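Okay, so subunit A shows up in both of these, paired with subunit B first and subunit C after.
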Partner chain A sequence: MNARVLPYVLIAPVTLFLCVFFLYPFFLVAQQAFTTGNGFTMDNFREVVSYWKFPISLRNTFLLALAVVPVQLALSLLMATMVNNMKRGRDLVLYVWTIPLGISDLAAGIIWLAIFEQSGFLNSMLYGLGVVDQPASFLSYQNMTVVFIAIMLAEIWRATAIMLVIIVAGIGLIPKEYYEAAEVFGASPWKRFVKITLPLLRPSLQTALILRVVLAFEVFAVVAALGGSIFPVLMEQIYENQFNLQNGGTAAALALIVLAISISFTLVILRALRVPKGATI
Partner chain B sequence: MSDAASVSGHSTNKAGRFVYVSGVVLLCAWVLIPLYLLLVNTLSSPEAVNSFPKSFLPGFDLGSLEFFAGFSGMLVALKNSIIVAAITMVLSILIGAPAGYALSRFEFRGKEVFRLLILLTRAFPLPLLALPLAVLFIRTGLDDTAFGLALVHTTLAVPFAVLITFSLFSGIPLELEEAAWTLGCTRLTAFTKVVLPLILPGITASAIFAFVISWNEVFAAAVLTIENRTLTAFLLQTLSESPLHLKFAGGFILVVPALVFIFAVRKYLFAMWGIANR
Partner chain C sequence: MSFKTKLAGAMTGVAVLTSAVAVQAEVLFWSTQARPAEEAQAMRVEVLGGFGPGVDYQPNEAGPWLTRFKAEIEAGSGSIGVLGSLHGDFSSLDADTLMDLDGLGVMSSSETFNNLAKLGTDSMQYVPWMQASYIMAANKEALQYLPEGANIDALSYDELIQWTANVHEAVGQPKFGFPAGPKGLKHRFFQGYLYPSYTNGVVRTFASPEAVTAWEKFKELWAHTNPASTNYNFLQEQLLSGDAWIVFDHTSRLAQAFNERPDDFVAFPAPAGPTGRGFMPVLAGVAIPETAPDKDAAMALVKYLLKPETQLATLRATSFFPVVDVDLPDDLPPAVRAAGDAVAKMSASPDANPGLLPAGLGSKGGDFNRVFVDTFERIVLAGQPIDRVLADQKRALAKIMDDTGAPCWAPDAPSDGACPVE
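Up next, the complex of A and B:
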């Protein structure tokens, strides 16, 4: 087979696969959202938006993303810088820090449940220290702040690793000469970080943020494990519509809303962190 | 003068070093302690798990795990999870690796569009695909089957498979292949005899990554399976009624393969993201 046809043959399976299982389903989801049986309609959207849980779940999802992503960005940058200066034990530390990468959101939720549930480790510790006389019921309506903090901690614990991996890989690609030159001219470590690392890391930051923000709006199993129905989020509402209400149309409408939010944030991040044309490392 | 300066410099250095080391240790503890607490719960008897106050040391009692194994439907769910993840692993490598090879070796028209399609998949909340596919699968008889779910999980895993194999193939010089051609190999034999052996560990790593993606996936699994639920779907759907010790044992079973697999692929994690970003 000649070299002109071969690449197309090689990419054909994955292209075909993504057309059938990625592009086509998105077309279907849109179709399902905008129809109810007799032609085009916005009824599904109207129904979804007017449901009393919608504003709450929208707010919860946004608040959670807002609370989690910036912390993760700062934390992963800090961790990446720490690892970068490490002489001994780098591999071990990186392994430990990337462990949560392989852990599912459901398992992460269960892990933090072990800490926050009524007979859990946090209560046991507070009791042992004499702070409380009897175990407090943290994950309940009375303690919404604690529910939020528990979900937030579980999300930060679980999903910082993916950003860390992308940023460590990105820092590895920055030529050492830049840092040497900056050092010769007397730039402090902080200055080197702000003037060299951050700007040159832009493509990696872009990828890391897009991936994380999209996943943040998809938050589901962590919330299900820790908050149950007392902390509604968008994905949980989709699940609810699909299963308990058996309404594919409203589920699809909600899915499109999540999709629209994800795409708008992706575009904002792409724009905010764009790499100037022609600039390469 | 230089003496005094070097002493004070030395001591701030020492303080900085202390802050640095304790920061690293603290962050390691932040990752490991929650995992340890899950382990304590898993290795304690159901009574100990539900009692208060809790011991911070494991009781080394297999009661919770036995309860997990004996819980109706749990072992079947575990088996389903493994089957779905295995199919996902095979499919995403079979479909993804050729494309990775094409991206690393050829310049062709539409290459940029293709790369964009691959990158685009990462900017979408993919589990949402499960909704329309649920309808489609019922029509084609794929509903509630391991294969149907594996197809959705492959959509999640295949972009990563393409990008990882792309970076792996890029790491092998074209000259090696060319040398094989001049020595009488065809493109295919050069590939199987020269490139494949070099790349096999990396391919394994990316296969493992695909396995973990499928193994961990919750939403699509919960939407697409009813009778043949995977472990994540089973745990999710029994969350509200299952006892604590069952949740913790289940969570532990979910975590174990992840620990092993991340250890196995740790070398490739960084290489793959380095290339994938450009």
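Up next, the complex of A and C:
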């Protein structure tokens, strides 16, 4: 086949797939968000934004992303560096660390609920050790900090691996010569990490951060399992509008708001971690 | 191609064809009820096993249930034969999309239920299928703390509060359990129990001075409620784990506790307030969509479901009670006996104040529930002043009633046109 046509033929199936299952539904959702019975309107947006839980869920979603993503970034960098310096058992450790990736969100939430519940593992352990007189109720509306920390822990446990995998692959691409040269000049391990690994890891960091941040704005099942009805997030509001209130218009409006937030953060990350032209590995 | 492979090919072809035919003949029963695996299996084997043409029983969450039904209606053709769901789900559907079932010759023995099933039209849009209610249940450990002179079968809200306070003091932990989780049925407690018991209404009296008292009382009860209740959806779990000793929930959401450890728990009627013992039924129905592929088979299935034997089998499988007259046998599962007793005592109590399910709200049923849930979250969880919250939420409620034009239902006094929020 003609070498100029071949690439287009090869990407055609994916393009078609995206058009049918992503672009087309996206336009339908956008249409739903901007119309009610009678033509173009912003009513759906006004309605969801003026609902008293909207600011709370927006704040909760942002707080959670802000608390979780940096910790995950630091952890995954640390874990990736460790894995990279391992002589033996590297694969085994990687497999074990990526197990949480194979567990669904809701299952992860339920695992952590089984730990923090009043009759859960943590309480049984504390009680068994004699630390507490009777099982305490950790996940209650009076201890919002504990609820927040529990959700944070569950999220970190569940989704750090996705960044780890990308970063491990990225570190593997950095040529060893740079490190050898740095060692010759007497650079400390920390200096090598900051001056070589981090800058050359930019493209991978970009991918990992975008993926993770976008997912952080879509957090739902873990929060629903651990926070019950006291920790509203944006995704939960979409679900509520679509299924409990049976209002596709307002659900679509909220979905577009989440999309707008995701896109703006993606742009910020792309800009902040951009690789200067011509500066490739 | 050898003879053998040809033969195998032909056999496969025949097998595929026959299985396709078999699938075609089965009636797809698309339901939101009996979702837990054991209940669904009991439905398939014990309840629907006796239906000749065969049934493909598919239980699902209300969201996907509705989405598929709407998609089939929009497409103008479908594979769902019979729909099974709660009154509230049906009332959000367009009555034109459901077959009129007057000619079927089966209905509930309750006139009230049959009227609800008309969904505001002149003919039955669904056939009442099974019923349940909400009751109270307690761990027997808690019985020793009952206030002096209180009769567990005729408790008042004040006695309930006193009882939960006694337990709280004695064991050092709040042990009342309330289904305030995301999937919990808390709104039904306010609509069918608290409001009718204190205000003798739901909509008209939403922001009345009596309603303020009701919420004050509920806050007192909440002080002795396990704060983890905001994670509780099915109180049978907390009864079994011991996190809650005295609970309120749907009869079928308590069933597991009674079936697993029948000797450890008691079921009893909901408490009474100044305007009686408010309580509310749960009504599930079956309907046939206009797009059903084989309406005769679907109608036969609906008739089969209303037979007394099937109704009894359904009771055993799901803990939902019959809607037709049947004599209950003695060998019923413990959960059914306990719940049946409590409901019977509740309806027979001298101060009974039975309410009805919200009707005429159409697709605003979810918004109606949200008014009550929001009121609860703001008053009880966020600690906002009761009168201010009620005045605020009253506007949301009035808008829903005006938009839908729904007339009042019991225990609210009847209205001409939309039920007013006074």
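Here are a few things to note about the model shown:
Criterion: the second predicted complex is superposed on the first by the 271 of 281 C-alpha atoms of A that agree within 3 Å, B and C clash if a C-alpha of one lies under 4 Å from a C-alpha of the other, contacts with A are read in each partner's own complex, and residues count from 1 in each chain.
We take it that a contact is a pair of C-beta atoms (placed from the backbone, for glycine too) under 8 Å apart; a residue touches a chain by one contact, two chains touch by 3 or more.
Note that this is a predicted model, so its numbers are computed, not measured.
For the composite obtained by overlaying on subunit A, subunit B and subunit C cannot both be accommodated without a clash. Touch counts on subunit A: comparing subunit C and subunit B, the chain ahead is B.
Contact with subunit B, but none with subunit C, is seen for A:F22 once the two complexes are overlaid on the shared chain. After overlaying the two complexes on the shared chain, residue contacts for A:L101 are found with subunit B alone; subunit C is out of touch. When the two structures are aligned on the shared chain, A:I149 is found in touch with neither subunit B nor subunit C. Look at A:A67: by the touch rule set out above, it reaches neither subunit B nor subunit C. Once the two complexes are laid over each other on the shared chain, residue contacts for A:L245 go to subunit C alone; subunit B is not touched.
Using the contact criterion defined above for the overlaid structures, shared-chain residue A:L10 touches subunit B, although it does not reach subunit C. In the superposition on chain A, A:V275 makes contact with neither subunit B nor subunit C.
Within the superposed three-chain model, A:W52 lies in touch with subunit C and out of touch with subunit B [touch as defined at top]. Once chain A of one complex is fitted onto chain A of the other, the partner contacts of A:I196 are absent, as it touches neither subunit B nor subunit C.
Residues common to the contacts of subunit A with subunit B and with subunit C across the two structures: 113, 117-119, 224, 228, 242-243. Touching subunit C in their complex are the following residues of subunit A: 52-53, 113, 117-119, 133-134, 137, 139-142, 224, 226, 228-230, 236, 240, 242-247. Every residue of subunit A that touches subunit B in the complex is listed here, in rising order: 1, 3-4, 6-11, 13-15, 17-18, 21-22, 25-26, 28-29, 32, 78-79, 82, 85-86, 91, 93-107, 110-115, 117-121, 123-124, 127-128, 135, 157, 165-166, 168-170, 172-173, 203-204, 206-207, 210-211, 214, 217-218, 220-221, 224-225, 228, 235, 238-239, 242-243, 248, 251-252, 255, 258-259, 262-263, 266. On the subunit B side of its complex with subunit A, the touching residues are 20, 23-24, 27-28, 30-32, 34-35, 37-38, 41, 49-54, 56, 94-96, 98-99, 101-103, 105-106, 108, 111, 114, 117-118, 121-129, 131-136, 151-152, 154-155, 158, 162, 187, 212, 215-219, 222-223, 232, 235-236, 239-240, 244, 247-248, 250-251, 254-255, 257-259, 261-263, 266, 269-274, 276-278. For subunit C in complex with subunit A, the residues that touch the partner chain are 61-63, 66, 92, 172-173, 180-182, 184, 226-228, 230-232, 241-243, 363, 365-367, 369-370, 373-374, 377-378, 381.
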